[in-house]
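Structures incoming, each one as structure tokens.
Both complexes below contain chain A, partnered by chain B and then by chain C.
Up next, the complex of A and B:
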């Protein structure tokens, strides 16, 4: 009996820490978002939920509807994230699949190469591309001489020759892809690696063609990995502001994270910033619950088919 | 067998994509590192090899006050973060693992939440906490360290719990059967078995702290609380010299050395398979 309380006591400092600096911090967001502001537009938080000024946050929701000030930026954020996640799947799946199934004796080395970018400072990886895509950078040269720049100019994805870093949506999307793809590949690799080869053998023995074995066994079984990876990268992408700031530096490519950053850190409209943060959190929480529900279902479907 | 398992014939196409991806992922960073050694002010045109941006008389990582201070502050925060997050996280992991019954599920969820919270949400929340509640602490080094501990704590717990699960209760039970008092069961049996995980989690906490950007930026006060990541953010688009690449390179070398050391310690004492599963975040 005594030991039951011993272990709770051991966990206590960590629990207190998380309560004070994590839970209370979130409560501060609520208190500020549902609070008031003084004449200098400094927040006056309402700590008592009974005093909460819910109307302001509800008014904020109007700003997200068509024509409102946050409509364009929200739409752009969803668009950027959706394209970046789709491209991640397109590139990441073959890479994860190859590493899990066909890498042979190279598996360890390839795995190391896949993990490495996770531990390179994100901002250093962005700095690398800023150097490359500067008007006189090596990357700009290569893109120019291979005709890729010409192609992008033709289809309207690039405004001017050498202008990769001047507020181009495509640069922001590709930078997001570059930044977050390693985080997508790893859980996907783990999911594919875990699939029991005998299940594929069984499918083939029962007459499935290689392609149908892939589409009816491997793909459904890697679905949890795909979803986990997609959520893992979509969540931070929705809150990203530094990528767009660094590779575009234009309000034309602002994401919702940039909007929050402008209110919170650069400007002094902290109440608006807190309300936006609250709405973003609710949106991401909904996304996560949807993911948890889907994986549970995907898990059971994969087992029964 | 292997032919049977492979539905796409020769996987040359897949091999090509994988190779191209790895090249794309790593080469830009290698070029950025190369330009840290450029003997000139350009970050785009090669002008010969030199260490001037690392140790030169002017504008180098070693002699430029802003760069040196940023590196120093980054390391200071990392040391504080490890010193606080590791014991706190190890204790939480032990407590959570052993404590069955009401409340442990809730605490487990609470512990995992910081891992999935986007950094900007966490940054905003902590900023408001330190402005509105803990005004006495205020923004600056203390707040930055507290903020970093709050999310590195979860990494420590996850890593240490993974090891606890694989150790199992048998060793402690054996020690108990042989008459070891509970204190010895813990300090002479469990703790040595747990040591590789503690080292690994400390290394991960260290590397995570060094590379953190958003929370550290949100909780910074003045120039003296600038870290390397913040410097990269604020100067990357300006007209900097290769010194920026140099400080990023130093930062990277410190991170990778820490992690490599932890990996080998873990592999040596906890076995290769477990080390690999740790590295792929499978814990």
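Up next, the complex of A and C:
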């Protein structure tokens, strides 16, 4: 009995933290989004759900219909995030796999190298890229002399030589990829590292080729890690606005986060901004639930097999 | 005051909440009256609890909290109320530190040091990134400052409606009448300079690298057209990241083509939406960046053609050029008439406990020498000083000929238009159009 209370006490700070900084904050967004504004254009939150005014949220929903002003920017956001996550998988999986399976005594060093960039603030790293990718920057030179620039020009992902910062979608996607990749690799590494080696031995003993063992054992078992990593990076990417702002600033690369930033930072439409925030949260919540359901199912399948 | 977006909620209850919203501002809205070129002070809590917006005789939209919107043909004297009186004459200077709220990079550090030395006080500068941010933070009461710098005519009603300013006592501001252009020593948006004095003046124009852009921009019939002909500079073009400045640019272009005077404070959705679609048409042509960092990107060559504030282009030449790049590679053009002209304010914060020191700060920056140093050593934005003129500066070699137009003489102030605060509905028209443009 006593120990039960001890554990509850241990959980208390976390619960308080979440209630204050997540639930209360989220409810404030709700109250503003379903509220109104005064004659000074300042939001007037409606705290009582019975008083909620759905006008702003409905208006915002209208904006998302096909052909509405936010249709393009939402599609663009989904596209940027999807590509960035796919690239993270493509680049991150081999890294996580190698680190977990073949790095040997270098494992710790590689993990450290993965975490090390995070010691420098995200904004600082993005600002550094601006100088690297400038027409006379070192990064630009390297991309040019290695022929990577040529490749991007050929497939039409880059408008002109050295034009990485000229409002290119590819630059924003690569910047997102760069910024969030470590957060994808780490949970994936943990998932792969946890896979019982004996299961692979068994697969090989039963005649599976290395490739077949990978696709039929390792990959399915690392699925929870892939999903966790994908969710971990997709959620913040959907709300990201400064990456696009810093490496492009063109309206053609603006994401839904930029729209929220626009409404919140300037102008008379804070309530509209809150409505947009709410819709984005609902969308992300749906993604999150999908993830939880999938992992739970993966968990039960693993147990039953 | 039913809000267009106020619809019955999920309970289908008839919402009086739209009106409740208005009530929040009603305290300020009470007892207002205004007429053409009124000298009757407005903005005071003199009347009863009933809304006075209905009593307004001006057939013009009213601003936030039912206050009048100052226009050149509708000048406004803001009331001084009993609970917010100016500091009395002849007080002695208080102890510092003086807390100042300003945009970043908007004071010359050396001039600021001079003030601190001269008045034996410390100055603590906190910065904001946009006028809206400043208004929001100041009115939330989460920050308190002795001096507020950088807000302009597009926020003047907000400043009064939110009661963010302390009225000024001119006996501490002898430099105002002595040095400042008469039009700005008693401006239409604040007759008698009761709450504001001007800091600097600027215009919207075109900044470009004349070593990279081949066209003779200033020589074009309608120089604004360059943005719609900028295919060659794709990705290296910039538009000001400010809804009023940016959307008024295609309006100026239209008017210039037709030879008419535009109303850059229009609230007509058709005009604003047309400006938005013109601006959006730039994307396939030159994929412009939407930024206010031209004072860095132009000298660095990351952009070569930019919709710019005059002061930023001059500041670029003064301060941000990489070694080996000459200032005369930068050019600036602005219209002679029907363009955007703006001025920023120096104000004393309502909650100041150092009113005399704050006034001293204002007076310091209205001083000819200090204003001049602040201008040419760093800031690049023209102070509205009577004795400052472009030709002298060019003769002295301080400003290259190509940047002559970054200096704003007083006669241009009347020929052009300030972007002024709109009605609540009007702001929304511009905001909607802007968010559409930003969504790409």
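The definition used in the following text is that the second predicted complex is superposed on the first by the 273 of 305 C-alpha atoms of A that agree within 3 Å, B and C clash if a C-alpha of one lies under 4 Å from a C-alpha of the other, contacts with A are read in each partner's own complex, and residues count from 1 in each chain.
Operating definition for what follows: contacts are C-beta pairs under 8 Å (C-beta built on N, C-alpha and C of every residue); 3 or more make two chains touch, one makes a residue touch a chain.
It should be emphasised that the depicted structure is a prediction, and the values quoted were computed from it without experimental measurement.
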{"item": "Partner chain in contact with A:249 - chain B first, chain C second, else both or neither", "value": "both"}
{"item": "Partner chain in contact with A:125 - chain B first, chain C second, else both or neither", "value": "first"}
{"item": "Which of chain B and chain C A:214 touches, first, second, both or neither", "value": "first"}
{"item": "Which superposed partner A:283 touches (first chain B, second chain C, both, neither)", "value": "neither"}
{"item": "Which superposed partner A:64 touches (first chain B, second chain C, both, neither)", "value": "neither"}
{"item": "When both partners are placed on the shared chain, which of chain B and chain C touches more of chain A", "value": "B"}
{"item": "Partner chain in contact with A:265 - chain B first, chain C second, else both or neither", "value": "both"}
{"item": "Chain B versus chain C as contact partner of A:166, first or second or both or neither", "value": "second"}
{"item": "First, second, both or neither for A:134, with chain B first and chain C second", "value": "both"}
{"item": "Where chain A meets both chain C and chain B, residue numbers", "value": "134, 165, 249, 265"}
{"item": "Chain A to chain B touching residues, read off their complex", "value": "3-4, 7-15, 17-19, 21-26, 28-29, 31-32, 43, 45, 91, 94-95, 97-99, 101-103, 110-111, 113-117, 119-132, 134, 136-139, 165, 178, 181-182, 186-187, 189-190, 197, 200-201, 204, 209-211, 213-214, 218, 235-236, 238-242, 245-246, 249, 257, 260-261, 264-265, 270, 273-274, 277, 280-281, 284, 288"}
{"item": "Residue numbers on chain B that touch chain A, as the complex places them", "value": "1, 4-8, 11, 13-15, 17-18, 21-22, 24-26, 28-29, 31-32, 35, 43-45, 88-89, 91-92, 94-96, 98-101, 103, 107, 110-111, 113-114, 116, 118-129, 131-133, 146-147, 149-150, 153, 157, 207, 210-211, 213-214, 217-218, 228-229, 232-233, 236-237, 244-245, 248, 251-252, 255-256, 259, 276, 279-282"}
{"item": "Chain A - residues contacting chain C, complex", "value": "34-42, 44, 46, 49-56, 58-59, 69-70, 72-73, 76, 134-135, 159-160, 163, 165-168, 248-254, 258-259, 262-263, 265-269, 271-272"}
{"item": "Touching residues (chain side chain C, partner chain A) in the complex", "value": "1, 3, 5-11, 13, 15, 17-18, 20-26, 28-29, 64-66, 129-133, 136, 139, 158, 161-162, 234-236, 238, 241-243, 280, 283, 287-291, 300-302, 424, 427-428, 430-432, 434-440"}
